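Next up, some structures in structure tokens.
What follows is chain A paired twice: with chain B in the first complex and chain C in the second.
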Partner chain A sequence: MSVTDDLRRIARELLESGRVTRVIGYEEGRRGQVRPLVARTVEEAGRLLFDERCARNLALYLLDFKPQGEEEPPAVAVVLKPCDARALNVLVLENQVRREKVYVLGVACPGIPGKPACASCTERIPPTFDLLLGKPEPPPAPAGPDDLSRLLALSPEERRRFWAEQFRRCIRCYACRQVCPMCYCEVCIAEKLDPPWESIAIAPSENEFYHVLRAYHLIGRCIECGECERVCPMGIPVFLYQRYLAEEVRQTFGFRAGMDAETPAPFMTFRKEELEDLP
Partner chain B sequence: MEFEPRIVGFLCNWCSYAGADLAGTSRLSYPPNIRIIRVPCSGRVDPMLAMKAFLEGADGVIVLGCHPGDCHYSEGNYHARRRLHLFHRLLELFGLEKERFRLDWVSASEGVRFAEVVAGFTEQVRRLGPRVRPEDILERQR
Partner chain C sequence: MIAQPMPQRRLSKEELLAWVERLLRERSVIAPVRSGERTFLQEISAPSEVDLEVGRPVNSLKEFLFPATETLFRLRRGKRAVRMELPEVGRLQVLFLVRPCDAAALTSMDALFLGEPADFYWGERRKNTALVGLACLAVPTPECFCTTVGGSPIGTANMDVILYAQDGGYVAEALTERGEALLSLAGGAAMEQPFVPQAPELPPFPCPPIEDWQRVFDDDYWQRLGERCLGCKICTYNCPTCYCFDIRDRGTGGRVERLRAWDACTSKHYSIEASGHDPRPTRGARLRNRFCHKYFYFPWRYGGTLLCTGCGRCVAQCPVNIDLTEVLEEVAVRARKGEEARQG
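Moving on to the complex of A and B:
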């Protein structure tokens, strides 16, 4: 039995029994690509699939079922890879999603071929799931020096020039933000007009401001799915700075976002005895 | 003409702003380069406020708050410390000079310390020179 066969069978059962109202997963799209599917019926559940093309982080769509006031959110099932499940944990920690309303169809992740975030990732099993599909394979051997260590070997001036060159290409389409499950603000500060934080002008300074803003807002929250970089139409290595900060958070506070839904994130808490040498 | 750095200071209402006041009433002199903005707490200072100041032409930004343990709101300065720490790491990756952005503690009774901290930071930024914008870097390469 393939993962897809299991997935279709279980999705049908979940919908038939009324356990969930929808199953969020992937289906065959156009031009050999997969696309998200929100299956509401048993027939639709027959279109679900999972394979190595399923790069997208579906935790994003859980935000469409946020609790609204007194109203109970509907129960949904969702297909989540390890990084996607970490996103769910962060959303639960931040009170955006109620865990008991989500049935997690965890998938043992094969690593998505060609996705930069997967090259440095060793996680094969989601940190939270209600049912695990597929058999986890052993993680690949760690690769040699990558682009992050090469960047860190440069002088500060060279790093600044590197990013200035990268950000000059940015068209501020905000695709990196739209695809990010952690970017759920109703009005993004990048688009706030009163007071305006950044200008809508596409200038190197404004672009730099936007990327620093995005990097900062994801400190201790980024779950390293790398969707931001995958969707960037200009090929800017936006995941590079997220990965660096995730590593800094791990080294400084021993914390990795989304490994569970209880541990407070670094900016939610503090210790009195820490960081006593001010920079 | 000698370079005069433009410095924005975010001062907590309860300690550092009173410390600055004391420096004034004590007739201490300190560099006039600092433009003071009073905030309720150092924990109020989103590092993006510093980025915004840089975007608008500041050469340095300093955040001053109550000493750890003295926060009027008990814990605001501890949050500020964590934020500023990781923000510095972020600045390092982007090659932005973290020396232009400082967090320090000044109590209401430390008028002398306020004058010293401001003088020290102003000198530090003066040595760094004007802040370079990415526009300037890209221009230079042509």
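Moving on to the complex of A and C:
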């Protein structure tokens, strides 16, 4: 039995029994692509699939089922890879999603071929799931020096020039923000109008402001799925700065976002004794 | 139009690049430039930057006539009066190696921006912009569908010169007086026998008429499509015909500038009204607006001209596989089904 066969069978059972109202997964799209599917019926569940083209982070779509006021959110099932499940943990921690309302169809991740975020990732089993599909394969040996080590080898001035050149290209389509499960603000600070924190100009200084701000808002919250970079139409290595910051948080605080749904990010807690560490 | 057509000229690759060199002396040249795995249309400073193998650049030509951000005017408070300054717009420029679909986009954009009241900024740039097109003798990308929306891979609309890649070089033909003047700067030899281009075949898709879009307006399809839409602006910003914009003032201390910047109907806050009401409150409703604008509202308002040239950028660049060619098929099928159901 393939993962896809198991997935379809279980999704049908979940929908038929009324355990969940929807199953969020992948289906075959056009032109050889896979795409997200929110299956509502047993028939639609028959279209679900999982293979190594399933690069997206479907935890994003759980935000569409956020409780509205007093209303109970509907129970949904969702297909999550390890990084996607880390996103769920952060969303649960931050009270955006109720874990008991989500049935996690965890998948043992093969690593998505060609996806830069996967090249440095060794996780194969989601940190949270209700059912695990597939058998985890051992992660491949890490390749040689990657983008991050190349970037860190540059001088600060060279780095500044590198990023200025990258952000110059940005058209502020906000795809990196829209695809990010952690970017769930009702109104992004980059688009606040009253008062405006930045002008509507699509120009280098505004672009830089947006990217730096977003990076800072994600420190200790980024779960390193790399979707921001994968969706960028302009080829900006958006994940590179995010990865750098995630690495800093790991080295400084021994913390990685979303490994569980209980430990808050270092910058979301404050302990009095930490004052003494300040210069 | 030219009374007496100039003979076509044959240019080698070297002669083409030498021509670019000469064009660069008098005007800005915008051309496809390769950067890593992608090709972008951008201003060049040397002919060697041009990507001659260009299929379809990531961005469209739109930004060179309707920039992502521009200053409409500046106000300065003086001792006795407020001074208003207009920015300089409309430098001479050539858009080089523009594909027929991008050139065709100017037809609908002209209808919009040059209709009364005409947009000064578009008008000034348009007047001073020449187009050197590159015909598609082979289909450049799998997402192309220009013939579905009335275009042609060898169409010459809005071009001043068209180039046909042929035998490792180019056949160049002037289409306007401005094109003749530009081409007179090129070397090469006159062709003895005219080159007659053959259009390649493109996969056909249905192009539903306005009535079909009306029929499917309340179809559940839009909500289902919206379920996977990210609500980003890729499809609109890189589209050659999406023209929505926002206008805001910025400045302090006696200096104010009025900015115009792109905006997009696919984004969440675009349609919120001053009262707080949002007539398009869901991603599905916003997506429907984008497609209906292109195939329903715009042609309805502008004598049948579609606001889509089949360039395929939105199809190729959508991160969640929202594919306009599939939308066209769905609308055609659902409209027919709806009509059959209505008639019993």
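We adopt the following convention: the second predicted complex is superposed on the first by the 270 of 279 C-alpha atoms of A that agree within 3 Å, B and C clash if a C-alpha of one lies under 4 Å from a C-alpha of the other, contacts with A are read in each partner's own complex, and residues count from 1 in each chain.
Keep this in mind: a contact is a pair of C-beta atoms (placed from the backbone, for glycine too) under 8 Å apart; a residue touches a chain by one contact, two chains touch by 3 or more.
Predicted model, so just to flag it, every value in this text is computed and none were measured.
**Student:** Mind working out whether A:L132 is in touch with chain B, chain C, both or neither, as first, second, both or neither?
**Tutor:** neither
**Student:** Once chain A of both complexes is superposed, is A:G29 in touch with chain B (first), chain C (second), both, or neither?
**Tutor:** second
**Student:** When the two structures are overlaid on chain A, which partner does A:C173 contact: first (chain B), second (chain C), both, or neither?
**Tutor:** Touch partner of A:C173: chain C, not chain B.
**Student:** On chain A, which partner's contacts cover more residues, chain B's or chain C's?
**Tutor:** For chain A, the partner with the higher number of touched residues is B.
**Student:** Examine A:F267 and indicate which partner it touches, taking first as chain B and second as chain C; both and neither are also allowed.
**Tutor:** After superposing on A, A:F267 lies in contact with chain B but is clear of chain C.
**Student:** Go through the superposed model and pick first if A:A203 touches only chain B, second if only chain C, both, or neither.
**Tutor:** After superposing on A, A:A203 lies in contact with both chain B and chain C.
**Student:** Do chain B and chain C touch any of the same residues on chain A, and if so, which?
**Tutor:** On chain A, the overlap between the chain B and chain C contacts is residues 203.
**Student:** Mind listing the chain C positions that touch chain A in their complex?
**Tutor:** 35-38, 40, 58-59, 68-69, 142-143, 224, 227-228, 230-234, 236-238, 246, 248, 250, 259, 261-264, 267, 269, 315, 317, 319-321, 323, 325-326
**Student:** Going by the contact rule at the top, pick out the chain A residues touching chain C in the complex.
**Tutor:** Per the stated touch rule, the residues are 29-31, 33-38, 56, 60-61, 64, 169, 171-175, 177-179, 187, 191, 196, 199-203, 230-231, 233-235.
**Student:** Help me check something: in the complex, which residues belonging to chain B touch chain A?
**Tutor:** These residues of chain B touch chain A: 47-48, 51-52, 55, 68-69, 75, 78-79, 81-90, 92-98, 102-105, 132-135, 137-138, 141.
**Student:** Which residues of chain A touch chain B in their complex?
**Tutor:** For this pair, the touching residues of chain A are 151-152, 154-165, 167-168, 189, 197-198, 203-209, 211-213, 215-216, 219-220, 241, 244-245, 248-249, 252, 266-267, 270-272, 274-276, 278-279.
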